[in-house]
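All chains are identified by letter, namely A, B and C, in their written order; residue positions are counted from 1 within each chain.
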Amino acid sequence: MSIYSDSFAAAFGLLATADSDLMEILYLSINVSLLSLALSCSIGLPIGAILAIRQFHGRDALVGIFNALMGLPPVVVGLLVYLHLSRSGPFGWLGLLYTPQAMVIAQMILITPIIIALSCQVLEDMHEGYKDFFDSLVVPKLAALVAYIVDARYSLMTVVLAGFGRAVSEVGAVIIVGGNIDHLTRVMTTAIALETSKGELELALALGFVLLSISLAVNFLAQWLKASAKRRAYV
Amino acid sequence: MLKYKIFAIFCTTFLTGNAVAENTILVQSTTSTKNSGLYDHILPLVKQETGVTVYVVAVGTGAAIKNAMNCDGDVLLVHSRKLEDQFVASGYSKKRYDVMYNDFIIVGPNDDPAGIAEMNDAVAALKKIAVTESRFTSRGDDSGTHGKERSLWKRTGVNQDASSGSWYLETGSGMGATLNTAVGTEAYTLSDRSSWEVHANKSDFKVMVEGDKRLFNPYGVMLIDPVRCPSVNSNGGKAFIDWLISKNGQQAIARFKVAGKQMFFPNAQ
Amino acid sequence: MSDIANLALNCLLPITVDSLSLALNDRVVIDRITCQIKGNGITAIMGPNGAGKSLFLRCLHGLVKPDSGQVRFAGKPPSQAIRQRQSMVFQAPTILRRTVLANLLFVARQRGVSNPQTSRDCLAQLRLDHLAEHPARLLSGGEKQRLALARALIIKPAILFLDEPTSNLDPTSVETIETNLQMVSRQGTKIILVTHDLGQAKRLAGDVLFLNHGSLSEHNPATSFFKNPDSKAAKTYLAGNLVL
């Protein structure tokens, strides 16, 4: 299969020459994904934490819903965001459709449930293990939460990475709300979709390799951190 | 701390890097013009001569028209005369302008199972495809090309929809994806000429049918009505349209070539 | 320091338990326990597996709410403020995913007594100083037990609850822990200790509570308990026979 070697060489060439179009797309991809990740985490982690340590009416149902929302089809999210941000939609006056901000919103909707559901699971396990000790010590709820998050940081890192992975690899939503506009809203995945549609399969695959290598780099780093944490039984 | 700094940098990039320039318009466009590279050729000239920065969203003609009806854009540039006339008639635009044209072609695999090579009667060719039950991929996405294809089938008298899923395959996707499907399944398909010319994944496919008058493919441009859609940048949109139909614009379109071949033929009045 | 501890002690003792009952999953696990624990020194709670010792200890510490009956510390009902002046070492201690020293500091910080020197001293007392920067979850079972005790002691509790703190430990570790318990007891901390180790109870305890099937079989001074237990259950238990 020479398509692999050709595409791989093309990917390497693009990266080695720091192809300016590629760099722009790459920059926007990472920028959009990291911003939506940061916002999703700042919303999702506290919600996940509350669900993990608070028992209230409907809590289990909520957890179930967030678990289900992890499987939200990106296209549906894209469509919903489109309908809301469209000039004829309720938030049309914001003029956000076809902007990177719209892509951030769509990605947030996609990954916030992932952050909530997975962090809830992680923190629930922490709570289970630490609860008696913390009750005995009379650790205030907030301090206990901080301790859970600090002690579960390596597991939570995996959660955050799962969110990042989803954000950076997602195409269905961002192509609808971003419009794949050159120099404005084109990201790695929409560029891949575009090149595929132009029949430039080799270039598309090369871009895929670039995207994959980012994912790999990020995940190897995380693996390495986690492995060193495991050696200290911190996981 | 580093985390916050990075976060702050993102936020500022987003606030500053994205401040949309004053004279900017968004064109809801069909994919064929976009994928051919025509915009890459003319938009720098538009910017130079009118000062307008043009962003393009490329979707099927049907989707482009729907987006325009939702006021998501300033200018509409598509290729489905019937839908365009409806768009104007329903008051979404004051006027449609001819810009350019090219033609549709039927492409297919080299071994040509339906035996339609070098025919110049598109309707007869489709009939032969149906009779031999040779595979045919359809856009199936309410695009301009899809509309043209359906009108041709209508003339054949064949009920191709009844065979949907057997030899008649509706991809529900753009031209490029549909060409990929055709190549992948050795099926015939109808394409506009520019999409075909720029499509890189041709395998052993060839143009089978061309030159039929009924394969005429005109493109029209419209300013979305600023009364109906107050968000429309009518000055910018008008400037863009005026340029397209001006002598300069028309010459620029004529100059655009792919592999030495002219892709679009200007026909503004 | 021992003056302050004494002062604290004075206002938490005696511990009065009045008709304490608890059922879990429709099974009575604590059955109308009434007793009074007073005076300094070490109180041992003994009884066969499943007798309810751990649950009783949790009730005293306020971690488990009884279905009926009550616990009083010098007449006052259990509260967070009172629990803050008690420590508990669990049968299977929770070790934080941090270093040994960080484990200790976390607890100290909760009471606003995090002084690095005190923490180091406390570790030295339990022969853990050489492990201060070691990941705590990699400690051996005995080292973990000692760390748990160090965490309990650093906040200078008025009452210290211990749930089998020396099970599975080597003789040196047992001795280290016992020495420490005797020392803090002398300094005025009331210790309530669940143990299966008869020798340990004999060495440390002033009085013994014997639980069986969730109820209190007897509560006597250690000397008379070991010489001549009142209840049949305690007799069999001490003789090393199965209590049924």
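By definition in this document, contacts are C-beta pairs under 8 Å (C-beta built on N, C-alpha and C of every residue); 3 or more make two chains touch, one makes a residue touch a chain.
Worth saying up front: this structure is predicted, and the values here are computed from it rather than measured.
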Touch-based graph of the chains, sorted into line, ring, star, complete or other: line
Most centrally placed chain, judged by C-alpha centres: A
Chain of greatest Cα-centre distance to subunit B: C
Chain centre separation (subunit A, subunit C; CA means) in Å: 47
Centre-to-centre distance between subunit B and subunit A (centres being mean Cα positions), rounded to whole Å: 33
Centroid distance [mean C-alpha coordinates] between subunit C and subunit B, Å: 79
Contact footprint of subunit A on subunit B as seen in their complex: 6-7, 10-11, 13-14, 18, 20, 26, 31, 35, 40, 55-58, 67, 69-72, 173-177, 179-180, 183, 198-202, 229, 231
Partner subunit C, residues of subunit A touching it in the complex: 129-130, 132-133, 135-139, 143, 147, 151-152, 232-235
Complex contacts: residues of subunit A adjacent to subunit B: 31, 34-35, 38, 86-89, 92, 95, 97-101, 104, 179-182, 184, 194, 196-202
Complex interface listing, subunit C residues touching subunit A: 61, 63, 80, 83-84, 86-88, 90, 93-94, 96-98, 106-107, 110, 135, 137-138
